[in-house]
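Some structures are shown below for you to check.
You will see two complexes here that share chain A, one where it goes with chain B and one where it goes with chain C.
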Partner chain A sequence: MRVDYRMEYVFYGILLLAAVAFPFFATNEYQVYVMALAFIWAISAMGLNLIAGYTGQLNLAHAGFMAIGAYTVGLLTVDYGVPFWLAFLLAGPIAAVVGFFAGILSLRLKTHFFSIFTLCVGYIIYLLIEKGDSFTHGPVGVIGIPAPSIGPLVFDTTTSVYFLVLAFLVLTIWVMRRLVRSIVGRSFVAIRNSDDLAEALGINLMRTKVLAFTLSTFIAGLSGGLFAGFVRFLGPDLAREYHTFDLIAFVLVGGIGTLMGPVLGAVALTWVTQSLQFLENYRMIVFGPMLILLVMFFPHGIIGTFGIWMARRRANAGKRSNTQAVLPSRSGEEARANA
Partner chain B sequence: MNIFFQQVLNGLTLGSVYSLVALGLTLVYGILHIPNFAHGAFFMVGAYISFYVAGDLGANFWVAMIVSAAAVAVMAMISERLIFHPLRNSPALHDMIAAIGLLLFLEAVVQAIWGADFHRLPAPYTTILRFADLTAPAQRVLIIGAAIVLMIGLQIFLRRTTTGSTIVATAQNREGAALVGISPLKVSLLTFAISGALAAVAATLFAPINLIYPAMGHLVILKAFVIIILGGMGSIPGAIVGGMVIGFAESFGAFYISNNYKDIIAFVLLVFILSLRPQGLFPSEVR
Partner chain C sequence: MPEIILETKALTKRFGGLAAVKDVDAKVEKGRITAIIGPNGAGKTTFFNLISGTFPSTSGELWLEGQRVERKRPDQMAQLGIARTFQTTSLFDGATVMDNLIVGHRLRTSSGLMDAIFQTSRLKADERSCRAKAEEALDFVGLTHVANRLAADVTQEERKRIAFALALATDPKILLLDEPAGGVNPEETVGLADLIRKISATGLTVCLIEHKMDMVMGLADHIIVLDHGEKIADGTPAEIRANPLVIEAYLGAGHDAAA
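Right after this comes the complex of A and B.
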């Protein structure tokens, strides 16, 4: 198992190096901008992955919680003159508080009922933002959010914000890695695999699910705060369900229930969408069928498929040396949970 | 009195349309056990086909409705064959995502053909019916009447005919139905065809008093989901009652509370009811 970890660290190291080097090799600023935006979506997708991938509850209000975080920063800085970082510190907690109460209500429901309930919660968030003119600026949106700054260091160029976002992405990945390997993270996975079994093991279902939901909305709020500081313009559309659908696509392409899946998915799909930009409004004609083919033929995503392949290889090697036999499908599942 | 009557009429109109959409959704749920997110896209495509047949080809309103129902039924059957059937053994999440893919695709295709602009289907009957001091636009009466006829027809088909009973049987117990010789393949195709046709008819009826645009299905489908949760997933009477509840809540809410927030009423109602009764108002007979 030591070897595995070393390989993993090399993998993370290469990714981090590539990410740090990216702005210096990018041919124009726009590419850096797109990449930073992909990182923000990746952070949000990691939050969704925590509840949908690890805990098995598909929350369709995720973009709504991201919007709550974004509007926390936007409204506090623009309307109330609160410094950016103070507002940013509040983005995650406020989304998490709303998420906590939404979680208590919605997690009493299971499977589809939960998904549809959260879809409605997301829509309520959107409508409240869009119709609450006096408080949220309504359909006009929030304009002129100040750039984040630390002392004399102002993050107003694209490259500087890119590194800021990258720092938060690395932080989120690190926290997430610690979390999913902890006993708490394992109890999330236990719930995904079987509600009844998890309960029989002494896991408090409701408390654990609400914890996963609250953490996931916290991350959504955090990414929303970053989004506000980076794009510096907010519209109510951020809360719409199609943004949640985008996030689901990111998670699924990268590999649902894997640590790096959402990150790879967000980056890969963002660039695919960029390359389809020449199709303008028609890009969904390609994107829609692509999503369908993906769930049909590639349901475990990039990381998941790789994990299963690795596990099968290890199992075959194990069989050859006549040590204990491991069923390929079973260890595939484990690899997916651990990756 | 007239104002109150108008709200009742409004509620019945909205409720009829919602019920028809929710009926299709609940039938498919009974068979496949997935919420079909693409159902709203069927609704939208139905409206566009009617708009094309009645507008560009100059056909009669009823002809347009039949053509549209047939076309969407075929489309729904194709999507069952190509997408939902191959995915029948995957986790529910994958069905949902595939349905979302289909939704995005259909919206993009419609937008590519007809553009993102708003269109309007001319109303076939523009007279206003009068009775004492009560007035009712013919189109609204038409929607309510057609919806009631369709609901009764569907109920007779499902309860009194052998073909209809196969759908109910499969929804109740898939293996049991297969054991007595009902082909699950035919039943799923039939269910999808009915559900698509219902969506197209609802859209055609609703189009003259509403606008036609690529995203028109979003709100309707969200509300249809609310309805089938309230009514119990897979339950047919539940879909009708639920549709009427939401229709009335919206029309009265828009008038007596706030027109601005009328779209939120359905969702708040759902959140409120499910908070008190997580199993829905009418726990379904089929699960």
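Right after this comes the complex of A and C.
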């Protein structure tokens, strides 16, 4: 067990080093920009993974909650002159409050009924933003969001915002790791596994699902706040369902219900999309089949498949060293009853 | 006269016009093995679902240790000490057996989200007790050797035992087993019957639904027979074997009651 953890820390250490070194090896600023944006989507995807991957409730309104966080920052800073950091601190909580109420309503439904309902919730969020001209700037969007700054420290270059986003990504991974490995996270997984069994084990379904849902919308709001500070322009389209579908693709490719799956998926798919850019709209001809093949042959995603392989290897190693097999003993009474 | 731990009085469940369980008066004695038998569609699983809180009853009373409990949810019933297994055990195939079991003791712990994020001492103590309970339960059902195997890689019989372990990890007072020997071979059935006896020997009350009459007759202290949602008989295995109503309704159809 100890050795496993050490290997894991080495793995995280290498990833972090690579992420820190990336801007210095990038050949142009655009690459840094793309990576930072991928990280923001990765944070959002981790939120979606919490409710869809770990808890098994596919929330199709996720991009809507991301938009709520983004618009919290955008509107407060541009229209009300609130300092960026104060607005940013509110992005997660406001998305979570909306998420809480959306959650207690929508989580009364199960499986695909829940997903369809949340699809509507997401669309309603989009419509409210798009039609609420006087409050949200409607289809024009929010322009001129100030760059994030702490006192004299202003994150106005691409590289500086990259590190800011990276810091939040690391923080999210760190909190998520603690959460999903705890018994709280295990009760989420128990619900994904089987509602009935989880409930029979004494887990309050509604309370636990609402907790996971609210938390996932908090993370969505946080990533939205970062998005607003990074892109510094917002349109209502951010709330659209196709962004949720992108997030689902990130989660599936990387590994649904795994800690690092969404991060890997977001980064990998972003770069694949970038490298297929020269094909313009024909890139979907390459992209679509790639996704289908991946889901067909690696239904657990990249990290999930690797994790299962590792677990099997470990179990087999354990079996070899542990030769004692406990066989169920037979009793004569049953044998007599059979006779 | 042994103590009655669970009692139903005129317990009824209607689905639309159909009475799946109708006016059932039943008593479960503490520390004994009670079997519920009956032909397919007799309402056995519905009866279990009523006791475990999965469905609210239409009418009638449910008493657990002197407390009326017919309006409780399944998780509340689990808190009160009713654990159950299902006909099919849904485990998370992508995790190890041990990982699947740890959540079983969650209901006896109190750590919340903040405990998890800040890794408080309460969380650590709770995790320790969950893990210890899982190990204890796994050892009890004789599966310590598969603790680190993926749930996808265990046999059907091991799966049944894991389901038992999961239920035992909740620290129950009553264990409800829905077809504990369904889908396993005769030899394994004997092993599972031994395990049920071992569970009963610890003083736990066991209630089971089973179709395998050999197993029921050899195992149960008390048998309740349901047919078309109604209780048609209850008593010791010997009394049930001799009951003409039971023979007609159930045992007569392809089963040799005197075996």
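We take it that the second predicted complex is superposed on the first by the 321 of 339 C-alpha atoms of A that agree within 3 Å, B and C clash if a C-alpha of one lies under 4 Å from a C-alpha of the other, contacts with A are read in each partner's own complex, and residues count from 1 in each chain.
By definition in this document, a residue touches a chain if its C-beta (ideal position, glycine included) is under 8 Å from a C-beta of that chain, and two chains touch if they have at least 3 such contacts.
Just so we're clear, the structure is a prediction, and the values are computed from it rather than from any experiment.
Undergrad: Considering only touches as defined above, state whether A:131 meets chain B (first), chain C (second), both or neither.
TA: In the superposed model, A:131 contacts chain B only, not chain C.
Undergrad: Using the touch definition from the top, say if A:204 reaches chain B (first), chain C (second), both or neither.
TA: In the superposed model, A:204 contacts chain C only, not chain B.
Undergrad: Does the superposition put A:97 against chain B (first), chain C (second), both, or neither?
TA: Once the two structures are laid over each other on A, A:97 reaches no partner at all.
Undergrad: Would you sort A:300 into first (chain B), second (chain C), both or neither based on which partner it touches?
TA: Only chain C is touched by A:300; chain B is not.
Undergrad: Touch check for A:288: first (chain B), second (chain C), both, or neither?
TA: First partner only, chain B.
Undergrad: Looking at chain A, does chain C or chain B touch more of its residues?
TA: Of chain B and chain C, more residues of chain A lie in contact with C.
Undergrad: Regarding the shared-chain residue A:121, is it in contact with chain B (first), chain C (second), both, or neither?
TA: Only chain B is touched by A:121; chain C is not.
Undergrad: Thinking of the overlay built on chain A, is A:109 touched by chain B (first), by chain C (second), by both, or by neither?
TA: In the superposition, A:109 contacts chain B only.
Undergrad: Per the contact definition in the header, classify A:245: touching chain B only (first), chain C only (second), both, or neither.
TA: First partner only, chain B.
Undergrad: Can you give me the overlap between the chain B contact set and the chain C contact set on chain A?
TA: none
Undergrad: State the interface residues of chain A toward chain C in the complex, per the touch definition above.
TA: By the definition above, chain A touches chain C via 175, 178-179, 182-187, 189-190, 192-194, 196-205, 211, 215, 257, 300, 304, 307-308, 311-312, 314-315, 318-319, 322, 324-326, 328-331, 333-338.
Undergrad: Mind listing the chain A positions that touch chain B in their complex?
TA: So the residues of chain A touching chain B come out as 52, 58, 105, 108-109, 111-113, 115-117, 119-121, 123-124, 127-128, 131, 241, 245, 248-249, 252, 256, 281-285, 287-292, 295-296, 299.
Undergrad: Which residues of chain C touch chain A in the complex?
TA: 52, 54, 73-75, 78-79, 83-84, 86, 89-92, 94-96, 99, 102-104, 106-107, 109, 111-113, 115-117, 119, 123, 126-127, 130, 142-145, 148-150, 152-153, 157, 166-167, 170, 186-195, 197, 214-215, 217-218, 259
Undergrad: Can you list the residues on chain B that touch chain A in the complex?
TA: Counting only chain B, the residues touching chain A are 34-35, 83, 86-87, 90, 92-94, 96-98, 100-109, 111-112, 116, 218, 222, 225-226, 229, 233, 260-261, 263-264, 267-268, 270-271, 274-275, 278.
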